[in-house]
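In the two assemblies presented below, chain A is common to both, partnered first by chain B and then by chain C.
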Partner chain A sequence: MLRYVLSRLSQAVLVIFVMSFLLFVLIGLMPGDPIENMFEGNPSLTPELIGQMRELYGLDQPITLRYWHWLMAALQGDFGYSSLYSRPVLTVLGPALLQTGKLLALTLMISVPSAIILGALAARKPNGLVDSAIGLFSFAAISMPNFWVSLLLIILFSVNLGWLPASGLPMTSDASFWLELRHLILPVMVLVMFHVGPLIRYVRAAMIETLSADFVRTARAKGLSEGTVIARHAVRNALIPMITVLALSFGHLFSGALVIETIFGMLGMGKTIYDAVGNIDFNLALVGLLLATVVVLISNLLADLAYAYLDPRITL
Partner chain B sequence: MTPTNQMTQAVPTLTLSHLPPVQSIWQLRFEKFRSHRLAMFSLGFLILLIVICLMAWPFSALLGIDPNKTNLLYRFQPPSAEHWLGTDDLGRDVLVRLMFGGQVSIAVGLVATLLMAIVGVAIGVTAGFVGGRIDAVLMRVTDCMLALPLVPLLIVLGSIDLTKIGISQASATSPLFVFLRIVIIIALVDWTTMARIARAGAIQIRDRDYVRAASVSGANGRYNVIVHVLPNISTPLIVASTLTVGRVILLESTLSFLGFGIVPPTPTWGNMLTNAQQLIISAPHLAVYPGLLIFLTVMAVNFVGDGARFAFDPRSESGKSH
Partner chain C sequence: MELQMAGRDTAPLPAAAATVGSLLEVRDLGVSFATKEGRAQVVTGLNYSIGEGETLGIVGESGCGKTMTSLSLMGLVPPGGRVTGEIRFGGRNLVDQSARDWRSLRGRDIAMIFQEPMTAMNPVMTVGRQIAEVLTVHEGLSTASAFDRAVELLEAVGIPSPNQRARDYPHQLSGGMRQRAMIAMALACKPKLLVADEPTTALDVTIQAQILDLILELQEDTGMSVQFITHNLAVVSELAHRILVMYAGRGVENAPAEKIFDNPLHPYTRGLIATLPDPDRKVDQLFVIPGSLRIQPQRGCRFASRCSLASEICAATEPPMLEVETDHFVACHKVTP
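For the complex of A and B:
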């Protein structure tokens, strides 16, 4: 067990190092120049001065050396300043991560139970009316562009009905719980739609397979009611592998969160990365992307461990 | 046939006519595909859509409409004989832009999928067939790629300044280059699904007796791959490719919507929605058409993929749609 955890951890660390180098190179290729961005439109800046500044910040050095300096600083906890917010990047990303965490947690709390219920319902009579309707719904959910769904919901609930706010969640901590919840309803609705489609299809396939297993036949032969057979025997067994599917969907979910946060003006990780790239904030974009990668990798690791813990047939 | 002919040929035809007609595997698959009504309907829809999008040139020439010409005096026009779906916030014809945008979106979907299939198969088959360290590295890479958040990565890739890697300003902004760029960056982050499928297939085929027999008879690796592996992995790849087209169209439209994909004036269904949010109160209908087309197209592509999966699966029964 410990061996497995350590090997997975070391792999994750290796991936993070490789990703950080790749991202470092990529971010350096974004348009603009950090020195010119810093002193935008300052007429007194002569080419010599720019050269001196480059030397001062080490921008004249080869990229591998610059990466090395960045890495050394980062390992000591210095991730640099955000030029967009004029604050250390970590103080920008901390609240953003919390915001995205709330969004994703609420989404998972709704999408996972509804996927289980709908998938199990569909599996009861494959190709029946209920199955076809749920199948059509999951296909539609998979095929919908999430930004378009967001726009439609804003038109319906914010513009026409005026029930829910379309944006403008205050970032201050004194926003009341209910105010925050009201702002989260539409984004969570879109994200659930985005997330639930593939999950339903997965649960349905797993349930159909499980329902034909011998232990389900035994349970039925014992005279258990159909509800007990499905809820206590079939679902529990079909769902363990779902953890892996869920883990793999975190990256996808994060992508969805980026789009949705951007549309609904929520200052989460996604919108922060989007703004950083759009405004050429090199540091913020780099650390934001890296943090997103780390979070996704850790959730993957945790899901794998949970899988091993929940399935007694697997020993690590 | 005349009665005399039938008389003379009576003996041989009588025995043969009792056997069902010989069908190739592709005929059988096509028949199964045809029994999947939703897939057939979707295929028809897609063909019609492509034809309509290709009509953009003659249609706009006939009505004398330039899809990229702005006219601030004709903003937000309602549908009329000249502008069938009205005009947008810059006075451009919505219908003609939808048609041209469809060409771009569908072309990106097809070309990027083709590129991914080529790259994925090359890498996946190599890894599966050669095995060893190459295989181990590839699987680690694909594991990571599967878990990564793609859209943030694509945004960075989409914002890269091509002049910094030695491409001239003029060619970097040419429409062909913008098209190729989005195709390449999507293929770059999404080739791993294809590679995994190709690898799994290659490993299955690698140890079959007929491949070993071929090797013993002196066949080299390349011969085995071309003659034995590729035909055997073609069916899962066709199914995966179809579903990939849908995913690519969604990714492209998302990127273009966010402003990091194909940028105006070239219309795509994604970037036609970029301004929709600002205009949501004055012109909500502008937010409806492009998204509806993305939705219907991706849904149709996914149904065709589902139909292909059904048709290629020897265990599925004809006449049942799921």
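For the complex of A and C:
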């Protein structure tokens, strides 16, 4: 178990190295120039001065050498400054990660249990009335673009009813819990819709398959009630393959958060990376994307550990 | 010992001791499924009964309706299936009873063991808990005392170090052990009837013999009745008092086991017995019944297309089940009293 975790972690470190190089090169290939961007519209900037600035920032060096310098600094804990915010990138990304973390944690806490319950209900009588209603809901959730749903919800709850704020969550840490929660309700609703649609379909398919398994027949042959058969025997078996789906959907959810954060004006990871790329903030984009990679790697590792925990046939 | 191990060449089994009161009466049982081409009748007009302490072997090839017959006794015919006729168990008709009545019956009065011990157990629950579950449901035992009972049951079915095995998951047990555990689960509440659906088919031959012995032994201890389903006549010869031969959803011959083996009357039963390899005789090729099983239209004898004796009447009308000799029932136009 410990050995497995250690070997997976060392693999993860390797992946992060490779990713950092790839991202560095890719960001280097982006059109636009950070120096020009920095001094945009400044008429006193001569080509000589630009050259000097490039030299100062090391932008005249070949990209491999630049990567090497960056890597050496990063390994010593120096991830550089954000040109957009004029602050160390970690102080920008820390609060952003926390913000997105809250958003995603709330989303998962709602979407996963509801997907399990709705999927299991739908699987009880395939093509029955309940299944059709749940199917309609999940296909609607899959098909509706999340930015559009966001706008509809803003029109309804913020504009017409005036119940919930559409944006403007203060980034200061003294925002009260309730204030923050009120700001999170709409974005979480949208993300749950975004996440739950496909999940319901997966749970339903897995449950239908499990309910026809021999051991479910055995459970019925014991005289257990249908509820016990489903809850105690079927659900747990059906959920094991769901872990992979969940881990994969996490990356998807992360990217979904980008749109949602932009619409609801929340300075989370998605919005921060988006702004960094748009403003040619090399460092911020690079470290932000790396951080996202780390989060996805960790979620995959947790998924594998959850597998071993839920399925006694798997030993690590 | 009332029951002996008897091959077909050894002394016949004693006739069923307890035909006095029959525990199970199946009358005109039908099982059908809705398909796109209309209703498919899987079992038609089946009649049989099982006395207390008696073992009935139901024999027939794959697809003849044996498994659906067993599942109908448990109320577990898959969704879309319809059961008609009468299943009288302990005086009451099970066919139309409520889901609640079925639940209180299953696992307590009638228990079932299945063909595939590999897939019949929940892979993510310990063996002990799976057995204990029956006891908590039907006997209201606490989880802890049900688990202790489960360990005792595992010991009773001959599983070594039952304390450890009860805490194991199904994949940690061999096929034979798993089938023993399934038997322990089935017998947990001392059922009056055990329905065994090909319980030895998926096992090695040596393990098969052990499982058959175990069922015989437990039957002797508890006096339960057994409905044993198999496509293997050799297996059924070892434990059945009475044999019902099924073909294409119908009963074709029903008699005490020794009559079936000594004097098979239906051409299909004769064919089945002829297919058994005889170790005393060397032959180049084993006997095969020509053709394959098909569910045929309602008219005529279903076996007619494969039968060497078939004549016009066989294709025209369905032969009724008649008592050709004392306590020997056959459904064939060519076999008459």
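Rule of thumb we're sticking to: the second predicted complex is superposed on the first by the 301 of 316 C-alpha atoms of A that agree within 3 Å, B and C clash if a C-alpha of one lies under 4 Å from a C-alpha of the other, contacts with A are read in each partner's own complex, and residues count from 1 in each chain.
The criterion applied here is as follows: a contact is a pair of C-beta atoms (placed from the backbone, for glycine too) under 8 Å apart; a residue touches a chain by one contact, two chains touch by 3 or more.
Not measured: the values here are computed from a predicted model.
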item	value
Side-by-side fit of chain B and chain C on chain A, or clash	fit
Contacts of A:Trp163 with chain B and chain C, given as first, second, both or neither	neither
First (chain B), second (chain C), both or neither touched by A:Gly278	first
Partner chain in contact with A:Leu297 - chain B first, chain C second, else both or neither	first
First (chain B), second (chain C), both or neither touched by A:Tyr309	neither
Comparing the two partners chain B and chain C, which touches a greater set of residues in chain A	B
Chain B versus chain C as contact partner of A:Ala221, first or second or both or neither	second
Which superposed partner A:His233 touches (first chain B, second chain C, both, neither)	second
Minimum C-alpha separation between chain B and chain C after superposing on chain A, in Å	8
Residues of chain A at both interfaces, chain B in one complex, chain C in the other	none
Complex contacts: residues of chain B adjacent to chain A	140, 144, 146-153, 155-157, 159-161, 164-165, 246, 250, 253-254, 257-260, 270, 273, 276-277, 280-281, 284, 287-288, 290-292, 294-295, 298-299, 301-303, 306, 320-322
Chain B partner contacts - residues on chain A that touch it in the complex	11, 15, 19, 23, 26-32, 126-127, 131-132, 135, 139-140, 142-149, 151-152, 154-155, 159, 166, 247-248, 250-252, 254-256, 258-259, 262-263, 270, 273-274, 277-278, 285, 288-289, 292-293, 296-297, 300
Complex contacts: residues of chain A adjacent to chain C	213-215, 217-226, 232-233, 236-237, 240, 310-313
Footprint of chain A on chain C - complex, ascending	74, 76, 99, 102-108, 111-112, 114, 116, 119-125, 133-134, 137-138, 169, 171, 182, 185
